[in-house]
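Next up: some structures, all given as structure tokens.
Each of the next two complexes has chain A plus one more chain, namely chain B in the first and chain C in the second.
Take a look at the complex of A and B:
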């Protein structure tokens, strides 16, 4: 409490006091479920309030799509500390699965959608056992290899339509996809939010911070990271499964899109990886920027995207949400006193305990 | 081989030891880092492990925890042969470990660090998927107050000072209540006043919670003060075992530390 004069320092602090940010963030935290419910209702109400199928609805749908991808990436990349450059492999498998199942096997879209998710999870389990032995750069490179191999396989096979891909004409309406992507996103957010408060979520974070220590504490880390990887595979696979029909066309380049893989990582990092809201807000924000640039400065979107990434990584290395919460809690530590500063007090406190 | 010193200690009943090693040997290429070491630690004891740099102390710890698998010999925890168990399974069977370089989960809050330690018992899905209950939260507050970190529960653990992180790591071990706690240089790198606190905490844990503690230490005042018995390693071999007084007067130990063979 004696540090109140320190707070007056800095313009930012007077405009935006850390206490208020802290209060705002803890309110968000305390009412997380309510916030999620309200946002879901608001998003679900948009088409009823006059949002019609067309450009705007497509943009919203894509925002939901990227939020799913970024949040899935973050479950492994941000929460568990395994940065994957191959998440789009799950997406591609999901996308081709629905394309083939609905077109060649005449299955209904819902059935194909569920089967596609199942296929992506199975693939994630098999690949996970192999690549999750690696860490850091090696893991990143290995996952990129998986993505490139999967892309090449879809180019070579007949059933995937080879390099020219598949055109899909019998597709549900734009509104269906709006609600489908929204639904998948909400379910995923609820799941990740819930898990982040459980021991399962704690173990994932522990693996990110110090996997050896987590093992020494009695956690079979392989089991936890594979589970997270499979969850990421499931939701990315679902996103892909809906995307092929939403896009009415799928080819190796779109299904296993390496540029998207970078984009969704950027979204998670910009928003704040390791959080639930971060990747989602990052996806919404970045996708909005990309859409604006595509409308008003055609051809410059990648340049601006790169610029935005560089500025954010330098200015907000923890992403928007991470930087905010770090800012909000920066005074906490000093308020409660580092031990180094109050050694004499500590001595008397200990003797009082005895 | 130093068979002369590796006989069973007179007052030990090795069948009931919390932790026992039987001829543990670990080689790295041509180097024998740990050479035929026998150790027995009983419930409620504080045992020191000392020796010059490179004597094989940390390697012995790694063989016990399962981070390394011994080339020869067996490790028994509560009478059970755990030599070939994976590290996480040994930990779950009741072996706690504090590393030489303090290791906490830096990007998680102090409270989450503690909660993680508390719940390491079961691996069933229902306990994994549950949120921590209020009695656990109360326990974390209690332990944080105990080690003078009260009020820092929601702080990112990595923000704290090195000494505070060490205290947190110790609190995590108190939370998990292991059958035996292996500490690698607990006194390393913390300031003298905090060292005094740490000694009190270790003693209290030993006396009140009957914790069994096995610690590597270079700070001789500290280890002579706190340990009931001490094992001495040199060149991977166990060269002496006894009370702090016996060790201080042991010629082989003095020779080892002074570099005489």
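Take a look at the complex of A and C:
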């Protein structure tokens, strides 16, 4: 745009050459499974290396929790192009399901956990058939309506403990939750990573890019959308199912938290939506910032969150991963004499999707 | 008759919902933005009126006329806020993915909410207006005078907006931009300015209604989202960009809510409203009175 802009880009290039970024990204692409395995092992080893149950472990556990939520949101919001403002409805249903099943029906936690996931998927299927017929603004607001209606219903029923919620005292240890959330996150990452290289993932991206064309090519888009939506519901439901016991308390305000819904969208967007690594990295990054703000500036976290969302959306809507891969392909543009950059490595669409 | 009383109550409150919704419909129709911070404009308008009255009388009480005198202030302040919101934030995302526009306004919404909590605490407040005889009785139906004043005020503001859009030069520019921004620019309309004015006008009306809400209900920093969503329900019902549709939608929503509250329980009003919204979206996405958006 302006010359100063060009100069700053020049400085940036000499410090961090696009070729290196490009090489880094394609290495990540080529060794995706290995990277996932190594980071899983590293995260799993942390408690053995001296991370004790307590504040720090709680923070890490919450990071995994938000990564699950952000990745689930991104499956529908980023990969398929249906921005949902109501994902927390699945979370709340999962959370209340384990709370009620373990406390009132005296089921063991693993059984309740699985049932809660099942319930969330069923709910997702029923709601999905209705709301996935809508698009754009209508879809976004309808999902927000689902979230608020679910919250109100939980507040009015007796079985959910009404507005005062449920207190859960018999809960597993902090380490159990650390490994549980980590496990769910890893399974989800592996699944999304695998799917994004399959026909299923490509059809989802096709729906995002142009749903009419996808339909015209003979894909039953309703089937794919609903499947992705149910998958997101399953993992969000699992996250909620574990959260109610992890938090030892659940009420309509925490279970169906609209601010969290925005938080997880911001995470996916900050990291880079439509990718596997983006939402997870965004969740880790933003949650760290929010944790710091909650420690040092209580009462300002929503101001910060709103500000972060606005700056991200206006500044770099492609997120960290998207902006990086854009930057990496800049040099190709010059190398190929202004021709569009073509990537020689296959599989590059996996984590650098656009 | 209980039902008649509920319907009357509903119509009185519904006019306020309608007043909030017309501004929402205007922004949606003209700028093609769902302004999720619209409810915050209602909240800020209520607080403006509250603080002006407190400044004048020492506490938030006053005669009806004194209260009515604060409304132009609320309208002016909110016009400025709305204009600035469009110029500083929203104009940067117009024409991009709708999802980004939703996020920007939602970001603004939660930031304003929390700033308001920091500034004024989360306690609900309300303006006390003193009437010699607070309610009157018409053929067995109780009508609080202040609600009647608010009802009339909301209708007047809505009518003013309608006249403004139909008769004034700026109003015609707004309608031109709504129909075709490029063609409007070609005939010399400053599109950016017109869009900002649209935001300003719609926020100003929301602010004026907010002042009435501060009198007949109460105001608190987190009240906004509910009004945004109700506006959405009303606009979907009445059709995008249709002022008469929004008016009828608002009156209807008010009546339905009061009937639900009266015959079931006030706890269920929100659940019924949003269920109605989802059903309506699926069954009749174009609304009853508008051509509707294509999406």
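Convention: the second predicted complex is superposed on the first by the 321 of 354 C-alpha atoms of A that agree within 3 Å, B and C clash if a C-alpha of one lies under 4 Å from a C-alpha of the other, contacts with A are read in each partner's own complex, and residues count from 1 in each chain.
FYI, contacts are C-beta pairs under 8 Å (C-beta built on N, C-alpha and C of every residue); 3 or more make two chains touch, one makes a residue touch a chain.
Given the structure is predicted, the values throughout are model-derived calculations rather than measurements.
Participant: Is A:218 touching anything from chain B or chain C once the two structures are fitted on A? First, second, both or neither.
Facilitator: First partner only.
Participant: Pick one for A:302: touches chain B only (first), chain C only (second), both, or neither.
Facilitator: Once the two structures are laid over each other on A, A:302 reaches chain C alone.
Participant: Going by the contact rule set out at the top, does A:56 touch chain B (first), chain C (second), both, or neither?
Facilitator: A:56 contacts neither chain B nor chain C.
Participant: Taking the superposition on A as described, I'd like to know which of chain B and chain C A:209 touches: first, second, both or neither.
Facilitator: first
Participant: Answer with first, second, both or neither: which of chain B and chain C does A:23 touch in the superposed model?
Facilitator: Neither partner.
Participant: State which residues of chain A lie in both footprints, the one left by chain B and the one left by chain C.
Facilitator: Touching chain B and chain C on chain A: no residues.
Participant: How about chain C: which of its residues touch chain A in the complex?
Facilitator: It comes out as residues 28, 34, 89, 92-93, 96-100, 102-104, 106-115, 117-118, 225, 229, 232, 236, 265, 267-268, 270-271, 274-275, 277-278, 281-282, 285, 293, 295.
Participant: Under the stated contact criterion, what part of chain A meets chain C in this complex?
Facilitator: 77, 83, 85, 130-131, 133-138, 140-142, 144-146, 148-149, 152-153, 155-156, 258-259, 262, 265-266, 269, 299-303, 305-310, 313-314, 317
Participant: Note which residues of chain A are touching chain B in the complex, please.
Facilitator: 195, 197-200, 202-203, 205-206, 208-210, 212-221, 274, 326, 329, 332-333, 335-340, 343, 346-347, 349-350, 353-354
Participant: Which residues of chain B touch chain A in their complex?
Facilitator: 65, 67, 86-89, 91-92, 97, 99, 103-108, 112, 115-117, 119-120, 123, 127-132, 146, 148, 150-152, 154-156, 159-161, 163-164, 167, 172, 176, 191, 193-194, 196-197, 200
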